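The following pair of complexes shares a single chain, chain A, combined with chain B in the former and chain C in the latter.
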Partner chain A sequence: MSAVQQLFSILLNGLQLGAIFALLGIGLTIILGTMNFLNLAHGALYLIGAYAGMLIMRVITLRTGLLMDLGIQNLGLGWGFVIALFLVPLVGFVVGVLMERLVAKPFYKRPHTDQLLVTFGLALIVEELVKQVIGGNTFQSQAPDTLLGLQVSGPISLPIVGGFPRWRLVIILIAFIVIALTWLFMEKTDWGLIVKAGTLDSEMVSLLGIRIDRSYALVFGLGAALAAFAGLIGTTFETVRPQIGTQRALVPAFLVLVVGGAGSVRGAIVGGIVLGTVLAGFQQSYAQWADIAMYALVALVLIFRPQGIFGSVEVEE
Partner chain B sequence: MSTETEGEGGSVGATGLTDSDAVLMIASAVALFSLPWVLVDGFGIVAEMLDFSIGGYVGLPSLILIYGIVVIGYNLLLGYTGLLSFGHAAFFGTGAYVAGVVSQSVGSPIVMVLAGIAVATLIAWPIGWVSIRRTGVYFAVITLTFGQMLYFWALGPGSWLTNGDNGFSEVGTGPILGTFELDSAVFPNIGFLQSYTYEYVFIAILALLALWIANRILKSPYGLIFEALGQNQQRVSFVGLNVQRYKLMAFIISAVFAGAGGALFIMHENYVHPNTAYYWIQSGDFVIMTILGGAGSLVGPVFGAFIFEYVANVLSGLSLPVIGAIGSLWRIVLGAVFVVIVWTFPKGVYPGVRDFLVRRGARDALDRLSDRVRNRGGESE
Partner chain C sequence: MSENGSLLAVEDVNAYYGESHILRGLSLEVESGEICALLGRNGAGKTTTVRSIAGATPPVVRSGSIHFRGKDLTDVPPDDRSIGGIGLVPEERRVFSNLTVEENLHMADVSRNKSNLIRRNIENPAETVDVNVIYEAFPRLDERRDQLAGTLSGGEQQMLAIARALRQGPDLLMLDEPYEGLAPQIVEDVEDAIDRINNEGTTILLIEQNAIAAMAISDRCYVIDQGEVVFEGPSDELKADEEIRQQYLGV
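Showing the complex of A and B:
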């Protein structure tokens, strides 16, 4: 493999990992920016998205858990990926709005530490509930064969890079369409303007006579929908088990947040891609050091640029 | 500190302090001495009467105290200095691995603990130095970052030392001071003291020492500064104190306790895996124990460790009439209890209850005082 070929392959893999990271990071960052609320249960939203996606897309065979004890062996709707693509963010949105009203709202005025603690407890509860009800075993990832009549499985031959899994390209495409839509929403609509203004100075926005609390639920729902969507994408190339929320989603989301800068959507996108590319680069040649390198990068950013790449505000106690 | 230089009030205060210290230490010693009997035999008797397996097993008291030692130190950081670290597994795990490696050449438990503490302190210094420059969520994330780096190191590149994903099991713990085997009972001939092993005695002495040290620190001017930092960092710096230095010391001291706990942990389990040593959820468990028992009180977190380990190891094996086996449901219960506690007691259970009692106590005292004043007024008339 030539150096150029290797570089492009790293970039593609980095984009794919980075897209997922960015989706998670955007959700976390707009919730933090607008409501000044730190959500350690963000990984749980990814988890809910992954399981919801799996159950909508296909039919799984249960091996353990409460439902199996009740005599249910096969669970799931089997409606396919396209339907899941619309339903899963909806599920995430509803869960997010409920979370905002029931859990986050009473904690807006409490210190960040309390918010971290209560959402950490919530994350553990959600993870255990999933484990108890659907089972603690691992489910294999499964990508669709065709999408809207087009073949999306198998390798595709790209210029420069050579053979590359077709599905990974599709993931990059879908993820970036969603990221672009979020971007347009934030930049071009009045809602987005309010949210953006709220991340800068929510007090000022409410002084202008805008009922910012109303957009709180919307922002939380939007962030949750993005996390759930990331979970759905995750099920198509990574195994699904109850721990993915805390292992695969929560920590990366926070890393993206601090690298990109709190409250910055642009920062979350760039931060996600940077971290994804570093991870992909090391995975290619020094796989054992990949995660360590990613964390080391985050530590360096925290030491030398605590406000993150694009951050304008540093979150304080 | 001599009484001569201090006024009368000062020396009275000082004696009052030592008295309460002595009471605290004696009470703790009694509690630690009775823990295995209560937990294993006492609960066992109740269990037989109720036909309900709620009794502890022989190793459980040791495990509770090991985590107890860790959270006594962790609480100095979270409960007093007000820094939420999600990376203390780094020091716990390092203590465990270092003690394990040391045990292969020197089996003495005392040497193992000292080595664990030494290396945990050594890595806590740079990690702490960097981390304390950030506050709030950034502090939490940066400590988590360092912990996770060690986790992935132990799983991958460090497996030559840690044995990676297979876990470290070649632990050669020897007898204490060359004579007392850890597993053997201290009183082999006394029936009801069977659950007292030398291991437990060793750990209990260290736990008592940990309590004593933490108490000394907190009662000293140094500890007062920790507490002041937790309340208002800015005002501490206005007084002219070097805030970063005190934060760093709080961080390192808490790492010393975590390192000792880690060394004892591998001694107790004879095995350690990156997941139990370094993974960030382990750090989260320390947080839960501390909050459960009450952050900001000296012995509170030890109760937290007790509740956590008891629920995790004993109640999880319980089978209830309606629900059936609790099994791994224990984490849901624990998580729910945790959420409720954070929700209702912003300052932690113990300080919340104490404030309530103090307020009542103060009110009683005021009532009594006003009664007396009123009576005296009556006399004079």
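Showing the complex of A and C:
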């Protein structure tokens, strides 16, 4: 591979990883920005999205867990990717709204430590439930062969880069459509306006006659839907097991938050892509340094720009 | 209206920040159509009073009552109070610096969205004021519609804070130190604006550090100290009462 070739392939892989990071980061950052609520259960939403996606798309064979003990061997609907693409965000939204009403709301006025404890507890509960019920084993990733009649598997020959997995391009495309829709929602609707104003001064928003808790539930649901969607995408190219919520979602989402700045959707998008590209670059060259490089980048941002690239508030006062 | 016809009646309110007792049996009334000034030293409890009226927490009002147009506000949340006609230009302006001037002013429309009003029971929602009327009154804002509020000068931000409150069409507009940090020329502009708003029928409750200026513009004054009313009466009477002015206002 020539250097240019390598560079472009890093950029493409970076976009793909970055899009998923951004999807995770957007939810976390708007929840922190508007509600001043730190949600360690954000990864659990990714986990739920991944398992829900897998069970909607495919039929899996159980090897351990409660359901298998009850005699269920095959689980899942096998409805395919397109249906999952609509249902999984919906599942995420509903779970998110419930989470907001039942878990987050009572803790809005409490210190961040209390919020961290309760949401971390929730993350552990979700992970453990998945492990007990569906089993702790690893499921292989599976991408669809065709999408709406178009072939999406196998390699595609791109200019400069050469052969590149077709499915990865599709992921990039779908993820950026969803990100663009989210951005439009934030920029062009009154809900988005409430969220932006609420990030700055939620009390002032309510002093202007707006019942901001309603937007809270919506924002939480939206953030959760994006995380669940990221989980669905994840199942098509990465293995699925109960620990992915924390490892592959929560940690990157927080890194994105630090880099992009709390409360900034634009920051989450840019931060996600920057982190994704750095990670992809190291994965292709010095794979064993990839994680370290990512943390180093975050540390640099924390030292030189603690409010993040686009943030107006520091993550912790 | 309450028995005696006041627009706003605060009665024997005790308000707390945590365990500290800030308003101590405070009572005041604002009559429809007047400009009423609320004066007192730093820390006297002026901001605490307007926050209690607007329904912002903290402070927590533990006892006493606040009636607006005769309706008890005890269980009315701040957003309903706003739509019900209580407007606030808060201390330090608090415009949304990350939104444009236009978006700041659009919040009034957002507050009247169906999705915002659904399942809420607001008896007499105030009618919003058309944004063009506002721009006509504040041409400086008109010229800066698409500018982020954070990039406005202090005086312009103050104008925006007033304009934003006015768009809600409040019956009672509470202004918490609207002249703070403004150049004398701008103070005059803001004073004119307040006068105009009042002439058009909005009742004003004005908090002001500068007692001389406040006495000049207002019909009636309250002076509070340590959360208690120490003077109430026509502004002319306060002008004549040197003892009160010396003791509680230092002028």
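The definition used in the following text is that the second predicted complex is superposed on the first by the 314 of 317 C-alpha atoms of A that agree within 3 Å, B and C clash if a C-alpha of one lies under 4 Å from a C-alpha of the other, contacts with A are read in each partner's own complex, and residues count from 1 in each chain.
Everything that follows uses one rule, which is that a contact is a pair of C-beta atoms (placed from the backbone, for glycine too) under 8 Å apart; a residue touches a chain by one contact, two chains touch by 3 or more.
Here the structure is a predicted model, which is why all the values come from computation and not from measurement.
Student: Report for A:283: first if it touches chain B alone, second if chain C alone, otherwise both or neither.
Tutor: neither
Student: Applying the document's definition of touch, where does A:211 land relative to chain B and chain C: first, second, both, or neither?
Tutor: second
Student: Could you look at A:182 and tell me whether it touches chain B, chain C, both or neither (first, second, both, neither)?
Tutor: Neither: A:182 stays clear of chain B and chain C.
Student: Is A:201 contacted by the first partner chain B, the second partner chain C, both or neither?
Tutor: second
Student: With both structures placed on chain A, which of the two partners, chain B or chain C, ends up touching more residues of chain A?
Tutor: Of the two chains, more chain A residues are contacted by B.
Student: Have a look at where A:9 lands relative to chain B and chain C in the superposition and call it first, second, both or neither.
Tutor: neither
Student: Thinking of the overlay built on chain A, is A:299 touched by chain B (first), by chain C (second), by both, or by neither?
Tutor: Touch partner of A:299: chain B, not chain C.
Student: Check the residue A:34 against both partner chains and state whether it touches chain B (first), chain C (second), both, or neither.
Tutor: Neither partner.
Student: Given the touch rule stated above, what does A:236 touch, chain B (first), chain C (second), both, or neither?
Tutor: neither
Student: Using the touch definition from the top, list the residues of chain A that touch chain C in their complex.
Tutor: 190, 193-194, 196-197, 199-201, 203-212, 214, 312
Student: So in the complex, which bits of chain A are touching chain B?
Tutor: 38, 106, 110, 112-114, 116-118, 120-122, 124-125, 128-129, 131-132, 136, 246, 251, 254-255, 257-258, 287-289, 291-292, 295-296, 298-299, 302-303, 306, 314-317
Student: Which positions of chain C touch chain A when the two form their complex?
Tutor: Listed in rising order, the residues are 54, 56, 77-80, 82-83, 88, 90, 94, 96-99, 103, 106-113, 115-116, 120, 164, 168.
Student: Which of the residues in chain B come into contact with chain A in the complex?
Tutor: Touch residues, chain B against chain A: 82, 84, 130, 133-138, 140-142, 144-146, 148-149, 152-153, 156-157, 280-281, 284, 287-288, 291, 328-329, 331-332, 334-336, 338-339, 342-343, 346.
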